[in-house]
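Naming follows writing order (A, B, C, D and E), and every chain is counted from residue 1.
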Amino acid sequence: MGFFLEVLIGGLLAGVLYSLVALGFVLIFKASGVFNFAQGAMVLTAALALVRTLDIAQKEWHWPFWLALVAGFLFAAFVMAIIAWASERLVLRKLVNQEGIILFMATIGMTFFIEGLAQTVFGADVYPLNIGLPKEPIFILESVFDGGILVNELDIWAAVIAGLLVAGLALFFQRTRIGRALRAVADDHAAAQSVGIPLNQIWFIVWLVAGLVALAAGAVWGSKLGVQFSLTLLALKALPVLILGGFTSVPGAIIGGLIIGAGEKLAEVFLGPMMGGGIEIWFAYVLALLFLLVRPQGLFGERIIERV
Amino acid sequence: QNEQFIPGLVYRTGAYAPNGIPFADGVRDYITMLNERDGGINGVKITFEECETGYATDRGVECYERLKGKGPTGAAYFSPLSTGITFALTEKAPGDKVPLITMGYGRSESRDGAVFEWNFPLLGTYWTAANVAVQHIAKEIGGLDKLKGKKIALLYHDSPYGKEPIAALEAMSKKYGFEFLPIPVPAPGSEQKSQWLQIRQQRPDYVLLWGWGVMNSAAVTEAGNVNYPRDKMIGVWWSGAEPDVVPAGDKGAGYKALMLQHPAGKSAVYADLEKYVIGPGKSLAKPDEIGSVLYNRGLINSMLGTESIRTAMAKFGNKPMTGEQVRWGIEHLDLTADRIKQLGFEGMIGPIKVSCSDHEGTRLSRVHQWDGKKWNVISDWYTADDSILAPMVKETAAKYATEKKITPRDCSKES
Amino acid sequence: MFYREAGQFKVSYAADQAVFPIAQDRIAMLALLLIAFLVVPFVASEYVYRAVLIPVVILSLAAIGLNVLMGYCGQVSLGSGAFMAVGAYAAYNFAIRLPFLNPFVCILLGGFVAAGVGIAFGVPSLRIKGFYLACATLAAQFFADWAFLRIKWFTNYTPSGSINAPPLEILGVDLSSPTANYIVCLVFTVVLAIATKNIVRGHIGRQWMAIRDMDIAAEIIGVQPMYAKLTAFAVSSFLIGVAGGLWAFVYLGSWEPAAFSIDRSFQLMFMIIIGGLGSILGSVLGAAFIVLLPIFLNQALPPFGALFGWRISTATVSHFEAMIFGALIIFFLIVEPHGLARLWSVAKEKLRLWPFPH
Amino acid sequence: MSVTTPAPAAAANVIDVASIEVIYNHVILVLKGVSLTVPEGSIVALLGANGAGKSTTLKSISNLLLAERGEVTKGQIHCRGERVDGLSPNDLVKRGVIQVMEGRHCFGHLTVEENLLTGAFIHGGKRRQIADDLEKVYHYFPRLKVRRASQAGYTSGGEQQMTAIGRALMSRPNTILLDEPSMGLAPQLVEEIFEIVKNLNEQEKVSILLAEQNTNVALRYAHYGYILENGRVVLDGDAASLRENEDVKEFYLGIGGEGRRSFRDVKHYRRRKRWL
Amino acid sequence: MTARTRSFNEVLLSVENISLSFGGVKALSDISFDIAKGEIRAIIGPNGAGKSSMLNCINGFYHPQEGAITYKGVRRSQMRPHEAAEQGIARTFQNIALFRGMSTLDNIMTGRNLRMKTGLFWQALHVGPAAREEIEHRQAVEKIIDFLEIQHIRKVPVGQLPYGLQKRVELGRALAAQPELLLLDEPMAGMNIEEKQDMCRFVLDVNDEFGTTICLIEHDMGVVMDISDRVVVLDYGKKIGDGVPDEIKNNQAVIDAYLGVSH
């Protein structure tokens, strides 16, 4: 029982971390109908920019930790802004009103470009990242269960960050004028232009926000795993979260994350050994698929309009 | 053209790059040094070209096809730097007559040169490694007989590489009576939460780590996260370098790993390296890479390869060698302690003598431990127990031979 | 000036419905095939065969398969690697369990198995659409990765999980030379491409396209979505499965599940989008582009860098390769979102009007 | 086409299109030198058969062409004397020029009211004004008020058309490019729409360029008309004179020599009248 | 402007007490009417009255909560749209629903889909039955293309066609199915008089020559009154009138709700 709880909690927390990545996807999809495959690469780039600045500022310029940290975040945000600007200017603007699949493909092109560039500039090593988040394991409920239940402080912090981001962004989308405009753009680029919504600015803003979310994800995941290439693969872990929660729902990303995280960890730990292990990744997808069969737009996604 | 072509299959990008880069730099720098210092091997200049495989088998095959015919005599030998690629190339090498040097990796049964004419798992195979690891555990707990009832987990990269030791561990678990618990980690292995939860539940006495690239540092970090004692973890020699522990920060302290004989640090050869390669800025390596475990291993890989060519030249003359000739050279490689010292590798490897029946050449290994700053050698030399391994090799190789309709050579007739 | 259809009148619907109604196109295509079959074998080096021709030919077939599903039927799939794997492993199992079968028969049978699996994984498409479906197909991808790694029976209990193809021969003739490999693959690809072209220009193809363009309207005018989608999944998976068999047996010779990983799925998708969704020719162009570009960059960048006195390491080359690759994808999408095949037909259109601009 | 040097755009004209040529997809030449002007405060109708290029003309003015891979390759477009053919659509909306696109183009996932509010995007946070405008639109189209909370994607064709028009009004434009406003609307609504147009024109001095198939109504409300055929202007004149033109009468108004003919009685397909 | 008076006695389709609502919106409430074999039946009503919804019910896309539809003497409950198509009901759509990526020819050929039977195997070979079938249907389709005067756009992808021509192609696609009952949803929207005249001609010819029963939604009262035999009037889900055009024109309820002025 203690172990079950431990796996469950571990899974839920891991799930929230996936949500953090999924959130970036949701933002861009909701706001422009673009399925942004480059989100994983953005996470990597943000983390790399952060960790490199942090290292250099501390080791070479001998700045105090907190100053280096601020500089690191600022610089990483700046890099994200450049990416947002460039994607709008060089890619999206030229592909207005194209089908989703074409834009999707374009973001794959961006993925390659960003990954290549980031690794050229920042190197391909593994960089340990320390942004002051506590990393020690803690054991709770030791009196109740033998050995207690292991939770990781970092995960809890990450969950808090994710929760705050989600709440903020959900409000932003539902309540503000910009939020409404973003949803309009996602529905119909041409019509949005025709009513005077400045696609260019909108896209820049959204990509920037998605970039900042990527920075948050990169900072957390980087602290966990070290900053290196396979952060881009987080995208693949985030996808089931995304489809389960619905591409267009900010809260869906969190709920989806919780379900997927708990589901896959429980499956891996309890079913995995019987099946030879390594089942969590496909289990996550199959789980998402099952939910989709019931609700084809994901749990909280916008209804897919079917009309003639 | 008086040139010997040596190809290099490397990965400097992707999830395995942190480990791939220092190795590749070592390989490259040694060759550069030979060219700069000696003008090549016996006056034959070496041309060297890298090809990026990204540790992907199909790209590895592509690289092989691209490079095997290059240079006046074709590629001297290939070091696929991946067990998966080795498997694929094992099928192709005999046809193309190119030897494969798979130093410390590859097919364990390919040590049987009678069947695997073209494979050379020099310095050790994963079965050797598995055996040595178990020997070390036995020693720590006070003898092979204490293994009974113990639980040993294998946390492995889910690829041919990670699976390679399983057969040997199973055999030993039967023999010594310990419980063997294989736990796969899907590639690339950056996410291991559930595996470590499982370990936390199963509480194995030891965890063997067969990881590569980011999987290693992730494993060490996760071990820290679940408070699994790091000193009860023993990595294979591909999980025992700096990139595997540095990212884990202080969580890495105490972690142990096998050594492919050599430690981190600088042996005599570095003098010449400094002089001819690093000093003049001909190296791609970053300063902290130099003298690291994987960089050293790269040097050794090139040294063994070029010494084999030298051996071949002794028989066939000082001109570029064909793959076939190089193969002969590797098979007759005989590095004595003196020769090794002469080459500047004293303390890096022990004597090695390859033969038709033994393509591995030596089965020695040690254990080192990370103290948070550096690797310290903590054990004596172990020799793998051939009473367990030899029959396995024989049996598996024979099976391969029948499957592929190969008639094994008669090694007693080879000179 | 020379590219005109003036004077070519069609007197029957059959002639009008021909694959290449314009004579010049017909001749060009014939010439291309003749070159592929008769000239290439005399000029290609082994390297060209192994690194370029064979992969392009096999991947073209796989791309055609994916194009059937995605380009013609509009069902986005990221699971094509899985279907290649199914084809390959099924062929392998036929070969070792029924050793009297010719390996190429095994490859075809593997294609049928893939078709069956494709149908099974196609069932959710009846309900799930668009990107949701795309992500859902990843379930197939990851499941296949896992199954072939983990279920020992598929790999005949080889301890490493890496398996070897049987020797290639037909009626005792050894086909392991690169030339023979190439010709065999070419025959497979050309024959299946023609068959596919026939299907897509017939009523089944129209049903697929109808579903792609507007599924509700299609159903209302009498297209049965289930039939249309599942046939598309079946045909597509068959083609991809056969390509998988060829990839394993002919190109790799020895393989492990990673050869059919998600990267392969993405690669196939790049091919058809860059080449042109809903175009057989586009699939081939796309395959050639995606296979050749990295090789080209890899060869061209270091000498190019040397011109400027930079020393470019393989790492930098790889990074640059990725960057240029990405940039080119975007560039081509911007120039022509509908792919190389459309670019080609626009060029032809211009040629027809030439020397007038419009 | 010979390139005519455009006359210096008179400032009194809101829109001034000088012999523009439009190409789609780099190969399809659609407009072959169209020139027209919309004087300040007038209603100008653009008439012509299907495919004549009416929508294309409107889209080149509002710069929505780019989204369809079309391109103005020759000629110039001025708005109040200022060259606008490089501006983005939203710049034009800021200048008060807005287009109601053909085929509705509502935002399907937004509710009707949200659709309307997107029209006020450029007015940012002026809540009062927006609330007033919303009331005004609901006053024009009471049906929208009933359906305000439904997703636009699920409303009827006519309701969507009203939404699209209402949405444009929300931006408080000074110039509206209306593409087939009457399409799909019930007859009394058609009249109402044109009344609204007239109203806007007279009271709020909004200039209107209108592409319309319903020539009858269009010429009743417009001041001036252009007839477009095959990408060229073939006839223009003030509405009254066009109404009297024999050809226009026969082919656009459906009034033959002997008055309006029943649709049932049009017995055989006639060779169409073509000016070109 | 007199409607011709024809008499019809065989009922092809009858709608009985149909109610349909979406959440709170009652799109149709308790509607009954019938369509006789061979007639041209118009449905008119203000925007949002439920006309398109009515057609959607008839061809199985919407499933009314109450009531039933009898077609050719068979009462049917739930059915899938393609089943309706199989029984000879074809239609066009208010928001054009052509297959945008396909050429005009292919779009119309798709209309004949139900009649094309050869399987995958023959299709792949494209000889024998498959080729014969293809040619046979091509001939039928070319007749329709000639009939609609759209020869010149045969090979153009329909996405690029102007609105009016798209409507015509859509009619072609529906005709290609040789339906017994043809449902037309605002076929003449966005056309000028001349084009409407052509369109009317097509509709009448189809009706005369093939005996196809037609159910038509249209907002142009000139058209409706001229060519239809009987008219149903819907007003926000309720039926407020049903009869021959002359009756409808003078029905006060209809004038109030819809026509505004008498036509």
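We adopt the following convention: a contact is a pair of C-beta atoms (placed from the backbone, for glycine too) under 8 Å apart; a residue touches a chain by one contact, two chains touch by 3 or more.
Because the structure is a prediction, the values reported are computed rather than measured.
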In this assembly, which chains make contact with chain C and also with chain D?
A, E
Smallest number of touch links from chain C to reach chain E?
1
Would you mind telling me which chain pair, A-B or D-E, is linked by more contacting C-beta pairs?
D-E
Which one of the chains is closest to the middle, using the mean of its C-alpha atoms?
C
Among the chains, which has its CA centre at the largest distance from chain C's?
D
Cα centroid separation, chain A vs chain D, in Å, comes to 44
Centre to centre, by mean C-alpha position, how many angstrom separate chain A and chain C?
32
Could you grab the centroid distance between chain B and chain C? Build each centroid from C-alpha atoms only and quote it in angstrom.
37
Just how far, in Å, is the C-alpha centre of chain D from the one of chain B?
74
At least two other chains touched by the same residue of chain B: list those residues.
12-13, 17, 21, 158, 184, 186
In chain E, residues with contacts to at least two other chains
61, 93-95, 97
In chain C, which residues are in touch with two or more of the other chains?
145-146, 149-150, 216-217, 220, 315, 318-319, 322
Pairs of chains in contact (touch as defined earlier), listed by label:
A-B, A-C, A-D, A-E, B-C, C-D, C-E, D-E
Over in the complex, which chain E residues touch chain A? Could you list them?
56, 61, 93-95, 97
What residues on chain C touch chain D, complex-wise?
346, 349-350, 353, 358
Quick one: in the complex, what on chain D touches chain C?
23, 25-27, 29
Looking at the complex, which residues from chain D come into contact with chain A?
62, 64, 66-68, 88-90, 92-94, 98-101, 105-110, 114-115, 117-119, 121-122, 124-125, 151, 153-154, 167-168, 171
What does chain C use to touch chain B in their complex?
45-47, 50-51, 55, 145-146, 149-150, 159-162, 164, 176, 251-256, 258-259, 263, 295, 298, 313-315, 317-319, 322
